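Letters A, B and C mark the chains in the order given here, with residues in each chain numbered from 1 onward.
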Amino acid sequence: MNTSMLSVQGLGMQFGGLKALSDVTMDVKKGEFVGVIGPNGAGKTTFFHAISGVHVPTSGTVRIGGSELQGKSPDAFCRAGVARTFQTPRIFGDMTVLENVRFAFLFGNRIGDAGLIDKVIEETHLDGLRGEIAGALPPARQRQLEIAMALATAPRLLLLDEVAAGLTEGEVEDVARLIARLRDTYGLTVVWIEHAVRTLMKTVDRVAVLNFGQLLADGTPAEIAADPRVISAYLGDEVVE
Amino acid sequence: MKTFMSLVAAAGIVLAAGPWVFSDFWLSLAMTCMMYSALAVSWAMFSGTTRYLSLATSALFGLGTYTTAMAMQHLPWPLLIIAGGLVSALFALLVGAAVLHLRGTYFAVLTFGLGELVRHSITYTEKSVFGTVGRVLTEVPSNETLYWTMLALALLAIVTYKLVSASRLGMAMRGIGADEQRAATFGVNTRATKLIGFALSAWFAGAVGAAMAVRWTYIDPHSAFSPLIGFQTVLIAMIGGATTWRGPVIAAIGLSLLSDALRLNFPHAYLIILGVLLIVCVLFIPGGIASIQWKRLFGRNHGGMVAGHKEAA
Amino acid sequence: MDLSLFADLAVNGLVIGGIYAVIAIGLNLQYGLMRILNIAHGEFLMIGAFLTFTLHTVTGASPLLWLPVVVALCFGGGLLLHRLVFRRLTATSRSLDQVEERSLIIGFGLMFILQNAANLIWGADIRGYDFMSEPVKYAGVVVTQNRLLVLFLAVAASVGLILLLQRTLLGKAVRGMLQSPLGAWLVGIDTQRLHPFVFALGIAMAGLAGSLLSMIYEVSPNIGETYTVMALIVITLGGLGSIGGSFAAAILLGLVESFGTHFTNPSLKMLLSYGIFVVILMTRPKGLFAK
């Protein structure tokens, strides 16, 4: 009966005097495709850190698939089905592309069909680059690699942090299509942080807006685009179609 | 892997003939080479890959020595060696459980003082509980036995290094060394991995210490927990290349020969030279000798893993 | 416990705590600022002690006179060391974590160099000299003059340094760098010149601690390591980067050591301090006084 994939209640993250996140409450159902937007410093990446075990929240709870996980180690989150990418790709620079994906598969995948490794490499367009040293790849390729590695862990919840940064509008659309396709192929729940708001709003089911560490608004793309608070805080008039 | 094992076996057979070929002097030198090979390779296995620098080798070695000193009468030689290793491994687990979940710095700092701490504790315990300052080993095995034991330990260390390198544990440790938090997000249980790696590495230090105990007939805390052993282990591993097994072995041989030549004539100066060597190595050849060789021979890395771990394909 | 025993233990604790404070603050400056984990730090204490000993016994002049000289020499030595070794280290490291790791190994090597150099120059024997060892009576408490002097100087040096950091422009620059190296650079603080200065200051503090130590205790070439370990324990207790925290933690540790070993056993001094260290690492790794 429980269709909730990610559920945070009153999530707070405080660093000394700085409140990076305060009282964020949100629920993401299985299979949903949620976008997270907001100005720089709004706490989007901190939010990801808090729901993937990288940071221990100073208050509030984090539930993945119904189980409370806040305070647990990142590998516990991985076992619960969470996979994520980072704003600056964190891949194992001294290993090859194939070894990187193998690593993620070996440690993150409980189900274990090794064919997945080849499958995700193909789907992220890395097929000809298997033997390349990951550290030598351009950033866009490294982002693709991170997605491949995330997929190799057979996750339920995929967290993507600005995977389209620095791309042209056409390329951003490609990325959006890729994510949507991956979501369908693997039956994933996806939460996607992105600054390319226009494309994001066209692709996702729902949008959450963070501002100064707080959840400003949470609704369908249409609702968010029309929300005056969001417009004044972040979108400005240009995005409103 | 099969070729590797055959080579190891062959080396073992060839070197086993040592006692009949070498003079006492060369035999003794060979034992020193093997001792430091075992120590440096096992140190590199954990500290070289995870980058959690352990300065505890002296403490772990000494614990092995003391195991022999105390249990010599009660255990047959092979079990004695294993027990010495186990005592150190257990100690490593305790220490690791306390601090391995923290940053590498805390671990290094803690292991740094361990040598002194353990030495003080043993001195105190010996005096108050056993009423002794040192212990005398009465019946010691023959020199040949010691030689073969050291040979076995050195080869075992190399084989273990290779096997671990190719295993899940090795991969996990390399992930930790590259980006620990990231490895954790991919499912690596970093705490357990570090504990096992550290304990495994510690076993060798303890076993070597247990064996070498019989080289001195009189064991006291000062000699058993000599900081020089830990220092030379780290030095050899760093100069050789802490991410390989070949580097430490070559450096162990080279340094044992060098030390022997210098030690007699310049007992303090040679240690100063070694210290300078270590600093120069860290500043100018951080990857050790092994890194230089690979670059010259193969140019760019061809799909190898973390520089030097070519064994783990 | 009668008053005189209590006072004796208290003064002892304060004195040793004062020495810990001086050496720990020096180490903290180096680590907090540059992530240089100089585990040879205690060796500079040893050098300071031996230099004072030699200068005093050779010239007959009071060690107090030689104190500033020794401190200046150590400062100079620190500048040289930074120029020769640590400047290259920070320049060739890709991250602060790497600086930390590599400085650890370098410190390890440095430790062996200094210990053996001392062995070569002064021999391995324990050395000491008598200085102001006449006791003084105050409010029913008997204490030797040299201890009081050392306590006074140690506290003065520590407080002086803290004031320097708080009140002067230079000190503010250093504190700025401690908090945010990038921010400091952005506002125009000359980090290039301040790094060697702070590093050398740390070494000078170690030398000062050693000089003071030589006035009340005997010294030998291998005392350094213990003090390095103590300094590390102190800066962990007080919080890395917090100078005031180091001061407080040092005094505390000195007192705990003095009273603790009286009730248990002097040989367990290390075990006691280490035990505290491990407990703190396990419960409050950011230190007792961290915000």
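Rule of thumb we're sticking to: a residue touches a chain if its C-beta (ideal position, glycine included) is under 8 Å from a C-beta of that chain, and two chains touch if they have at least 3 such contacts.
Just so you know, these numbers come straight off a predicted model, no measurement behind them.
Q: What chains, if any, are shared contacts of subunit A and subunit C?
A: B
Q: Where are there more C-beta contacts: A-B or B-C?
A: More contacting C-beta pairs are found at B-C.
Q: Would you identify the chain whose C-alpha centroid lies closest to the centroid of all protein C-alpha atoms displayed?
A: B
Q: Nearest whole angstrom, what separates the Cα centre of subunit A from the Cα centre of subunit C?
A: The separation of the two C-alpha centroids amounts to 47 Å.
Q: Distance from the CA centroid of subunit A to that of subunit B, rounded to the nearest Å?
A: Comparing mean C-alpha positions, subunit B is 43 Å from subunit A.
Q: Starting from the mean Cα coordinates of subunit B and subunit C, work out the distance between those two points in Å.
A: 32
Q: Across the complex, what residues on subunit A touch subunit B?
A: 52-54, 73-75, 77-79, 83-84, 86, 90-96, 99, 103-104, 106-109, 131, 133, 149, 153
Q: Residue numbers of subunit C touching subunit B in their complex, please.
A: 37, 39, 85, 88-89, 92, 97, 100-102, 104-106, 108-113, 115-117, 119-120, 225-226, 228-229, 232-233, 236, 265, 267-271, 274, 277-278, 281-282, 285
Q: Which bits of subunit B are touching subunit C when the two form their complex?
A: 51, 53, 55, 98-99, 102, 104-106, 108-110, 112-113, 116-117, 120-121, 123-124, 127, 227, 231, 234-235, 238, 268-269, 271-272, 274-279, 282-283, 286
Q: Which residues of subunit B touch subunit A in their complex?
A: 168, 171-172, 174-175, 178-179, 181-191, 301-303, 305-307
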